[in-house]
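Dropping the structures in below, format is structure tokens.
Each of the next two complexes has chain A plus one other chain: chain B in the first, chain C in the second.
So, the complex of A and B:
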């Protein structure tokens, strides 16, 4: 099997644009698991897209060579490229569901590469598709092949994507953050699946991620990228064990969220939020669908940090939306027993997952932030402006950013602005719905630090909704676990990690521990 | 068809042609070489010449003069109908999307019914009931014409209402009217304008068609459709009588459609481009 060799690759945005990649060299040998790590905007994805010759419009390769075995990819004609894309060069994307055509079944998706790259048709293609689905872990491949993308969970969709990539019999697989949107259990399963392919078929894997912790267990070599330059490379042990650059150290530290041990508020505090038997059923109950929320009772105490854990589809977002009133509930009650008889509708605020989608792209941030203050009236223009400035300072941002539009800001900056917008309303409770999931590890760390400071300084009650065990352990005093719309466990964080009760919690906890730090690689070697 | 290499040159040409035609039509009383109703039976069905650039009709009236004069009626009716249908469609669409429930159901069903009826037949019916003339023509075109705008506005308003920033605005306590006027309408403006330019071309043709059938203006006032109708019996002897108004309708409709397509292409781009740039910044 051939190897993928990138030598001295430089990519620029347009003719006079700024450099995106500078002098990137890397090699992926057959049967090798190489990790490319870096913060968002460091150029990892652009490296992968250069290999496929799928750079977005203004970007072009300025110099350097990309070779797959004896084939010069950088100079190959389009027809040749079409043969290797999805064939010899497989790819996995961050959001598998968006990469499927919603009108075609998974089976139909699989038959396409089988026909194009394997020359299989009809029954042979169908049989091979089922075989592949079984291989990637579909328990019932027939049903899997019949299902449509929207019917799959995030984890299953990524498996189906993997099956599709494998259908082209790739020699090199480019995996661009294939697990960033998944929880730790699924992340580990997907990476194990890739690793098995590496061992069985000698597949070379270039695994792109921003989370160093997930690398430790699987990668043979690690390349660290910052601002389009590879700043450090070497074996996993040497890079993670004794990082040479400051950037790697920071990345490593950010990926390794240790418990901070924030003291819990004294017991028998007043509760800030009280949910009693909350049920939410989408559509009509007659069709017999499982309710999205199934009689949830929960109390959030004033001044605590409560973590709500759950996989995608477990109902955590629905719960958050119900609490802030974006979603009506079918039965039960949600009462806010807040300080000083605070009856404002805005006393509970929500921070969304996608920072870029939380702001109107046509409005300046100032206009977006001012809007709720206007409806409260009584404030002069200067007072509003002063409030905005101090809110921006509170989230450690330059107030000059206020006059930009969302498209001109990074995800981390925008997520801070979302928090600033919530703070302007002086909320009692701040709900963060996967607020850091779309951010890279470094940015995630700074946002979490900010939240902790706000919790301390403002006595803000935080509800952290996430699928990330590390975030929960790092931040929360108590944990609630949602599973298929039911609250299956509610306990202190320490006790939860030491002795999870429910079967689902046990699975979560056991997957979370090995993905932290270095020891798994050693652990694996010892086996 | 060979690929059109230079779209922007074509679009620029469309703008120039349209501006020229509209200016000429607006300045008809000063530009036209003859009064539109000036009959000269001696020069009936005369071919294009130095005196009559586009020839004359069966009553010896100058085709160019009548074309310029009649254009005013056609263009004004089409433009007014576009604006009216656009506004009605926008209001109905946004109301449907925001209020949902029975109101949405009512508008959507009405929409379906109107779509099922052939536009021309409904217009014929209305004109027959109300009598011919400027107002009834406008009403006839408006009654059936708002449906595509309403569909577009409803779909877009639905989509935008589900976007994160609208939900975020609701959470921070922005009023519904703020959400409609500051978030939804600005996002609707560009696609609606694009749709409007496309519709203008179609409406211009409809005005022509109704007038051709004798349901638009009444003689001696003329418009492009009625000119076509009047010239038809003499098509073999004096084809210029048909070619001139036909070409005018065709050119204006084509130019406006081209400009509209460009506008709606542009409208869908800039926001998303900004977001992509931001992620790599």
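So, the complex of A and C:
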């Protein structure tokens, strides 16, 4: 089997545009698991897209060569490229559900590469499609083939995407953050699936990610990319074990979410929030199936950091929305026993997952942030402006950003602005609903540090809703586990990781520990 | 899907019942003696004296409670007995059905023409978004919105019927009679359809799954044919149905200008002449058909775009 060789690749945004990639060289041999690591915007995805010759406008390759065996990919005619895309070169994407045509079934999608690259039609194609679906872990391949993309979970969609990539019998697989949108359990399943293909068929894998734990567990070699340049490369042992560059060290440190040991508030503290038998049923009771929240009772102590863990669909976000009152509940009660007669509706604030989706794209940040102040109390324009400036400083942002629109800011900046917006209303409880899940490891770390500082300085009670075990271990004093709308475990963080009680908790905890090859902890010790 | 079918059909029935009840009430809420008006639509001869009126009212059940009368009227209506026209003294059904046929053929020809014209225009405009071709197509088709039928129709008649003498100026006698009215009627749908196709195509081109399709090895052309055009056309199916339903009774200006004995014209005449039974028959038929068409379009939309059914099921 041939290898993929990229030599001295440079990509620019248009003729006079800024450099996107500069002098990138890398090799993926058959049967090799190569990781390309870096923060968002470092050029990882554009490297993969260059290989397929599918760069978005107006990006173009300026110099360098891309070869697959003896084939010069960079100079190949379009017809030849169409044969190798999805054929010899497979690709996985970050958000699998968005990568399917919503109006076509999974089976119809699978038949495309089977016909294009395998020449299979009709019954032969159908049979092969079912075989592939079974191979990637569909328990009922027939049903899988019949379903439409929106009916699949994120994990199943990535499996289907893998089946589609395998349909072309690829020699090299470009996996562009295939698991970043998935939780740890699913991540491990998908990576194991890819690794099995690597072992069985000698598939060469270029795994693009910002998640070093998975790299440590699966990759043979690592390349670290920063601002379009490969800053470091070598075997996984050498790069993670003795990083040569500052950037790699920072990446490692950011993913090293060790417990920070924030002291828990004294016991028998007053509770800030008290949920009693909260039930939320969507749709009418008779047909709605199981409720989204099933009789949840929970107390949040004043000044504590509580983690709520759960997979997608477990009811986490519904719970967050119910607590702040964005969602009515079907039965039960949610009471707030806040400080000194604090009856403000705004005393509990919510930080959302997708920073770009939580602002009106047409309004400047100043206008977005001012809106709640206008309705809340009677402040003069000057006072409002002063409050905005100090809130921005509190979250370590330049107040000049206030006059930008959301589209002109990075995800990390916007997530800070979301927090600033919440702080403006002087909340006592801040609920973070997957607030760092959409961010890369470096940015995630800075946001978590910010939250810790706010917790300390403002005596803010934090409820951190996440599927990320590392975040919970790093931040939280207590953990609540949601599973299918039920609260299945509520315990101290230490005890949770040492001795999880519920079956689902045990699965979560064991998936949080990398399995194959090197354990990241080994490298942390060397730091 | 089945729940949806049942629900939608039930809504359809309710809509038709409600609107037909309003129509049924017309003789009662318009000036004049409702009993005499109804008798005139039921009995061929002229009835003058009060004794006969009372006897007929009794035998026709006009002294029964309104709901009973309504149900009887509705039953008669849907078994083809729509009463007698006050003006022509002939059965309403014999006027409504031919008029409906004429309007349906006129409207369908016009809308199919509009689709045939706007499909390529919209697709080309979207594929070359921002180019001069796009701007030309968009500007020209958008200007059609500003061309009223009563202005365009005389112009077309002037050019093709009087100056060039290639098409008849009015009437509904030969096959070529349909050309000018259909062209007039098609113009505004062309502008709406083109912009809908263009917008739908641009959305579909922007979708992230397009790059995934290219990464599977589909050529640009194959991707457009398999994933962009079908997805981009889904909004058109709904728009087509809305226009079809709307033009059934809304082609009145064109029908009057071109002297076409269609539904719009029939309703227009019925209202002008206070021919209550004729207006009732026309309105109920048009409403029932319009509701049925939009319901069918909803079903079609669900088949074309399964995510819609998933979200509501």
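Convention: the second predicted complex is superposed on the first by the 513 of 527 C-alpha atoms of A that agree within 3 Å, B and C clash if a C-alpha of one lies under 4 Å from a C-alpha of the other, contacts with A are read in each partner's own complex, and residues count from 1 in each chain.
Definition applied: contacts are C-beta pairs under 8 Å (C-beta built on N, C-alpha and C of every residue); 3 or more make two chains touch, one makes a residue touch a chain.
No experiment lies behind these values; they were computed from the predicted model shown.
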**Prompt:** Put the two structures on top of each other at chain A: do chain B and chain C fit, or clash?
**Reply:** clash
**Request:** Classify the contacts of A:345 with the two partner chains as first (chain B alone), second (chain C alone), both, or neither.
**Result:** first
**Message:** Quick check for you: in the superposed arrangement, does A:83 touch first (chain B), second (chain C), both or neither?
**Reply:** second
**Asked** Is A:99 in contact with chain B, with chain C, with both, or with neither (first, second, both, neither)?
**Response** second
**Prompt:** What is the contact status of A:354 with respect to chain B (first) and chain C (second): first, second, both, or neither?
**Reply:** first
**Message:** As a test of reading the superposition: which chain, chain B or chain C, is in touch with more residues of chain A?
**Reply:** B
**Message:** Contact-wise, after the overlay, does A:324 reach chain B, chain C, both or neither (first, second, both, neither)?
**Reply:** first
**Prompt:** Is A:408 in contact with chain B, with chain C, with both, or with neither (first, second, both, neither)?
**Reply:** first
**Request:** Name the contact category of A:372: first (chain B only), second (chain C only), both, or neither.
**Result:** first
**Asked** After superposition on chain A, which segment of chain B among 58-66, 112-120, 130-138 or 184-192 overlaps with chain C?
**Response** 112-120
**Fill in**
Note: overlapping chain A surface for chain B and chain C spans 56
**Fill in**
Within their complex, chain A touches chain C through residues 52, 54, 56, 78-79, 82-87, 91, 93, 95, 98-104, 112-113, 116-117, 148-151, 161, 164, 168
**Fill in**
Per the touch rule above, chain B residues touching chain A in the complex are 163-165, 167-175, 178, 182-183, 186-187, 271, 273-281
**Item:** Interface residues, chain C side, partner chain A - complex
**Value:** 207-209, 211-219, 226-227, 230-231, 234, 304-307, 310-311
**Request:** Quick one: which bits of chain A touch chain B in the complex? Just the residue numbers, please.
**Result:** 13, 20, 40-41, 46, 56, 321, 324-326, 344-346, 349-350, 352, 354, 356-363, 367-368, 371-372, 374-376, 405-411, 418, 421-422, 424-425
